[in-house]
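What follows is a group of structures, each given as structure tokens.
Common to both upcoming complexes is chain A, partnered first by chain B, then by chain C.
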Partner chain A sequence: MKIKSTLENYVFVLPAVLIFAVFYIIPFIWVFQLGLYDWDGILPTKIFVGLDNFKEILFDKIWWQSMGNAGYITLIALTFQNALAFLLAWACDREIRGKNLYRVIFFIPPVLSEVVVGLVWQWILDGNYGLLNSWLAHLGLSHLARSWLSEPQTALTAVAIVHCWKGFGWGFLIFLAGLQTIPRELYEAARVDGANAWVSFRKITIPLMIPVAVLVAILTVLGTMQAFVLIIAMTGGGPAYHTQVPALRILASMRGSSRFGYACAQGISFGVILMAISFIQYRFSKKSRV
Partner chain B sequence: MKTGAYYKTKKASINLLIHLFLLSVATTCLFPLIWMVSSSLKSQDVIFKDTSLLPKAFHFENYYRAWMEGGFGRYFLNSIFYTVAVVIGIIIISSMAAYAFSRFRFPGRNIMFFMFMAAMMIPIPGSFVALYVLLNKLHLRNTSFGYILCMINVGLSTSIFLLKTFFDKMPKELEDAARIDGCSKIGLWWHVALPLSKPVLAVVVVFNALNVWNEYILALIIFDSRPLMPLQVALTTFQGEFVTNYPLLMAGLTITAIPIIIVYLLMQKYIVKGVTQGAVVG
Partner chain C sequence: MFKLRIAISTLLIGFALFAGCAPKQETGKQVITIWHWMTDREPAFQELAKRYEAKAGVKVNFELYAPSDAYSQKVRAAAQGENLPDIFGILGEKRDFASFIKAGHIFNLTPYMEANNAEWKSSFFGKALAVNEFNEGNSYGVKPGTYGAPIDIMTIQMLYNKNLFRQLGLNPRKPPVTFEELLDIGKKISAANRGGSASGGKQSGMQGLVSGWAEVWMIDCFANNYAFNIMGKDKVLATIKGEVPYTDTDWIKVLTFFKQMQESGVLANGVVTMINKTAEQLFANDKAVFAFNGSWCVNVYKGMNPKLDYGAMLPPAASEKFPMAIWGGAGSSFMVNERSKNKEEAVKFLQWLTGADQQAYLAQSTNNLPANKNATSKIPDILAQFADSMENATHPNVWGLSEFSVVIEAFDKGIQSIIIGEKTPEQVALEVQRIKERELAKKRLVR
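Moving on to the complex of A and B:
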């Protein structure tokens, strides 16, 4: 009876554990194994090369350039996108007409796929047929018109701004939920004590929102560093590696140059860097919590 | 001495500024979508000349052509099929596991649950490389079944977490009553626990549906043959082949975006709940 009952328990978790073992744990182990080999993904023979793949990464200029590009997009997302998200949340956290409608609208870009967003914006920013340039021409500013996505000076920033457009709704919702947990009585009490709006914003809102801000920052960094489908749809990584990001390099190593081992090594290095960043942010958040 | 009227005007002007700010961001959010829909109704001849948001003539045949000639009809049905199959799979598999993790005691329970949770925290950016190799070995690459299994795995951890949290808070009295009536464990899960967990199931369904519908990279590496492709991959392929056929491309994009927007508008209560709960997980 006891044994039958225990077996029954395992039946409940078996499907989940089986799928998880095959499609998560095995690939996880293989990434680490394959990272030590030179393999084209087809031939049955893999050549063991030890840590050579990782050494090569150290001197892979395009890899580090992509890392820099992803860092640049992340920096814009951390500052511009999150500041916008916070301001919007702050504006919606009050008795204001239509705030529910705004909330609904701000989360439309996040639910759309990166492919849809990327392809629509790709056309808007296109040099020859794009809407932006035709507007500039109408305004008599045709000297400002350019191929936004195929010129090295503007491509990366354009991609970063579209990324922010797509992503700010997440931060907005989390900030808004955070703001709504602040008890109204705190503001009331501050006002009775003679504090003006700016003082109560600085002394109540900001300190209470720091943990939320750290959380949003962690999610932004992890999400933005790994984003790449939007870039596939907008520029494909060009012009000349100017919008390449690490995840796109991994895909290129695998599909472009058929170097599966190198692709896995890149994946491991990138994963370790991401873990390190979020760990540092987490520690930082613990310290800042009073 | 500042009068009441002064404060009233000050408040009104601040409110006006806030409204202007919110309104301009909302317009920026909506504009590209309106532009997409309106362009999908223009003809190829005027698409570059007519930049107005209201087309002079509505070319609904673009949708017919995208659906038939562009093959978006097929891709649309593929996407629907994958989304429904994956969501049903996730609901059954993750709710069973979550129920066991919440209610039963058995050896290995904690370590198994811990593994699912760890998978949510650890990013492995190169995992699709290994998945490609694995699916090749299992002869599941370029099959719907392989893709569906992969996507079930993607949604498993978060769904188990959400459901287990819910079951943990659910009172056990109802199940006790059913058990006394001779209900089996499977019966308890199916007849008692699942119906009671509708609010959290809605969150699980919405998030996984959005995730599968919008998924790109796994579909890209798994499918070679076009008749199996979902919409997202088909769109980039289409764009690569018909670079400036914008009316058809925009029709394809609209076909892809509309179902998501409808689901979002109907279920947005659950999405807000999911984002705020999911944020706590991270």
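Moving on to the complex of A and C:
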């Protein structure tokens, strides 16, 4: 009877396992297998090179520079973007006029096409005819005008800020949902006990929002490290390698250099790094819950 | 009665379902499928397909997949699955073309080209066909022959805006011929932007040279023009073979040109992250003095600003030792799928498509240069200027050997670094040479 029940359980799980295997596990294994070959993606013959592609990644300076760039964008997203998302969610959670309108407005950037957003911001930040430089000139700050996307000092930060603008809506939505789950009685009880708004925020809101913040942080890291469309639309990875990110490097290996094997090895390595980051954050989240 | 209704309804639903699953082609009519990426030529292709169907009774389906990046990926994926259409084009380097042939995806057109005293072959410009040819002893290991039919030709060169030339006090009939003259114009543009006499004391806001240098291959093309001009073809090819290092003084001279152009003000602000569409908009709207673009731009500029007054010119020469070379040859080519059941019909269609009448129609309706040399009599003046430079044309796809992609990337990105003032020409040359040596060592190891 017990065996039958166990089998039944497995049968129920089987479709999900099959789908997961077909669309995730098997492709992952294939991509890893391709990473062991020198292959141009067209010829039927592949040269087995063992772990050479993976070893080459270790010494690929441009690859690690692209990882650093993605890390920088992620850092700005984790701090600036998420802080903004949290503050706006906190403001909208309070009894303010027109809060439903704000919720809609804040969620507009994430639903826009990344290519469109990239091209519009490219136009705003254009060094010759861009809106930003034009506004700076009107404000008498023309000495600050520059080619925001073409100068190495500003290109990556400009891309990171646009990425934050495009992405903060997701964090806003999750933070808002989290804030709405906090029982209002807790705030009322605190007020009766003499706590002011700041103390309530520090002693009630922040501790209860930590699991939500960890979830938002995990999603931010995974989303930002894989940023691609926005960057290709705004700078194409330039000037030189200043806005290159791992996804662009994988594309460059695959399409630019016709090195499919190396691109697959880059993809696997990048996936493993992201999994490791997610795992660390998950452990951190578990600890914070305890 | 009720049962009868049920039976009839079931039959009708069944018919409808089967009809939905049936192939699109009309009974008894042969169908040729062609994949392409040329958005601007789609209406002309559809018109030609209609004409061919009326003439030969063969239906031709032109299927457009744009943009070109997406098309390129689609063709590679279809090649892996052996699902390529009867006719298709390849975007990429010669080595990719060779891989497609070696993988058995491309039909050898040599017997058809050579038939009837090479009637088909001789209708093309030699340089247009060269891109699709593999000669005896080629470095790719491909059986010698012709594997594609060019449908148009192109050259990539410089363009100058005659209105802005007048504003700068320059003669619009005399574009710069030497590199020094180009640098002098750069100084004039800078002065005009500072509010100098050329602009009547007002800041002009005009840009110098615009081009899609964010898409690094266009930088490569420009640099190669000067490499050919300074050191000649043999030395460029010797560099690719690994016999001459990139640290050679001639290569450093080529890299230094970009520094000089940047310093003189010839280059537009932000050219390193400029995509070609932006460059075309700037030039078409009288905002840039020079552009570096392919002959396809004639159609683009016509669409953006029909009144644009401009001329085509060779990049101003930096040396008299060797002639200036520009990239040119076949613009787009079509290949026949080796595994297609309609190979013969596909070849017949290509022969018709590249005939003088069809080529003239394509040239007139899309402003592209025809590949058929008998169809050049009715082309606009500006296109004729591009065609005149065909004798200066060369292309990496006809050199018989290819540089490592990673070396090309390091070279082009290095030029971007020079333009933004991050690296010196010597530093870039050294970095490129290191990558070249690493790749050569890897190649020796594989052998």
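As a convention for this text, the second predicted complex is superposed on the first by the 262 of 290 C-alpha atoms of A that agree within 3 Å, B and C clash if a C-alpha of one lies under 4 Å from a C-alpha of the other, contacts with A are read in each partner's own complex, and residues count from 1 in each chain.
The definition used in the following text is that contacts are C-beta pairs under 8 Å (C-beta built on N, C-alpha and C of every residue); 3 or more make two chains touch, one makes a residue touch a chain.
Treat the numbers as computed from the prediction; the structure is a model and nothing was measured.
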Q) Superposed on chain A, are chain B and chain C clashing or fitting side by side? A) clash
Q.
Quick check on the superposed pair: does A:187 touch chain B, chain C, both, or neither? Answer first, second, both or neither.
A. neither
Q) Looking at chain A, does chain C or chain B touch more of its residues? A) B
Q | Partner chain(s) touched by A:215 [first = chain B, second = chain C, both, neither] | A | first
Q.
Looking at A:16 after the superposition, I want to know if it touches chain B, chain C, both of them or none. Which is it: first, second, both, neither?
A. first
Q: Considering only touches as defined above, state whether A:201 meets chain B (first), chain C (second), both or neither.
A: neither
Q: Considering only the touch criterion stated at the top, classify A:80 as touching first (chain B), second (chain C), both, or neither.
A: neither
Q) Once the shared chain is lined up, is A:238 touching chain B (first), chain C (second), both, or neither of them? A) second
Q.
Contacts for A:255 in the overlay, against chain B (first) and chain C (second): which applies, first, second, both or neither?
A. both
Q. Which partner does A:41 reach: the first (chain B), the second (chain C), both, or neither?
A. both
Q) A:150 contacts which: chain B (first), chain C (second), both, neither? A) second
Q: In the superposed model, identify the part of chain C that clashes with chain B, out of 5-13, 23-31, 41-49 or 77-85.
A: 77-85
Q | Contact residues common to both interfaces of chain A (with chain B and with chain C) | A | 41, 129, 255
(Q) Under the stated contact criterion, what part of chain B meets chain A in this complex? (A) 15, 18-19, 21-22, 25-26, 28-30, 32-33, 35-36, 48, 51, 92-94, 96-97, 99-101, 104-107, 109, 112, 115-116, 119, 122-134, 149-150, 152-153, 156-157, 160, 185, 189, 210, 213-214, 216-217, 221, 232, 235-236, 239, 244, 246, 249-250, 253, 256-257, 260-261, 264-265, 268, 271-272, 275-276, 279, 282
Q | chain B-facing residues of chain A, complex | A | 6, 8-10, 12-13, 15-17, 19-20, 22-28, 30-31, 34, 41, 84, 87-88, 91-92, 94, 96-98, 101-109, 111-117, 119-121, 123-124, 129, 131, 134-135, 165, 170, 173-174, 177, 215, 218-219, 222, 226, 229, 232-233, 246-247, 250-251, 254-255, 260, 263-264, 266-268, 270-271, 274-275
Q) How about chain A: which of its residues touch chain C in the complex? A) 38, 40-44, 47, 126-129, 147, 149-152, 155, 235-236, 238-241, 252, 255-259
Q) Inside the complex, what are the residues of chain C that reach chain A? A) 69, 72-73, 76, 79-80, 92-93, 95-96, 99-100, 102-105, 205, 207, 214-215, 268-275, 282, 287, 405-406, 409, 413-414, 416-417, 419-420, 422, 446
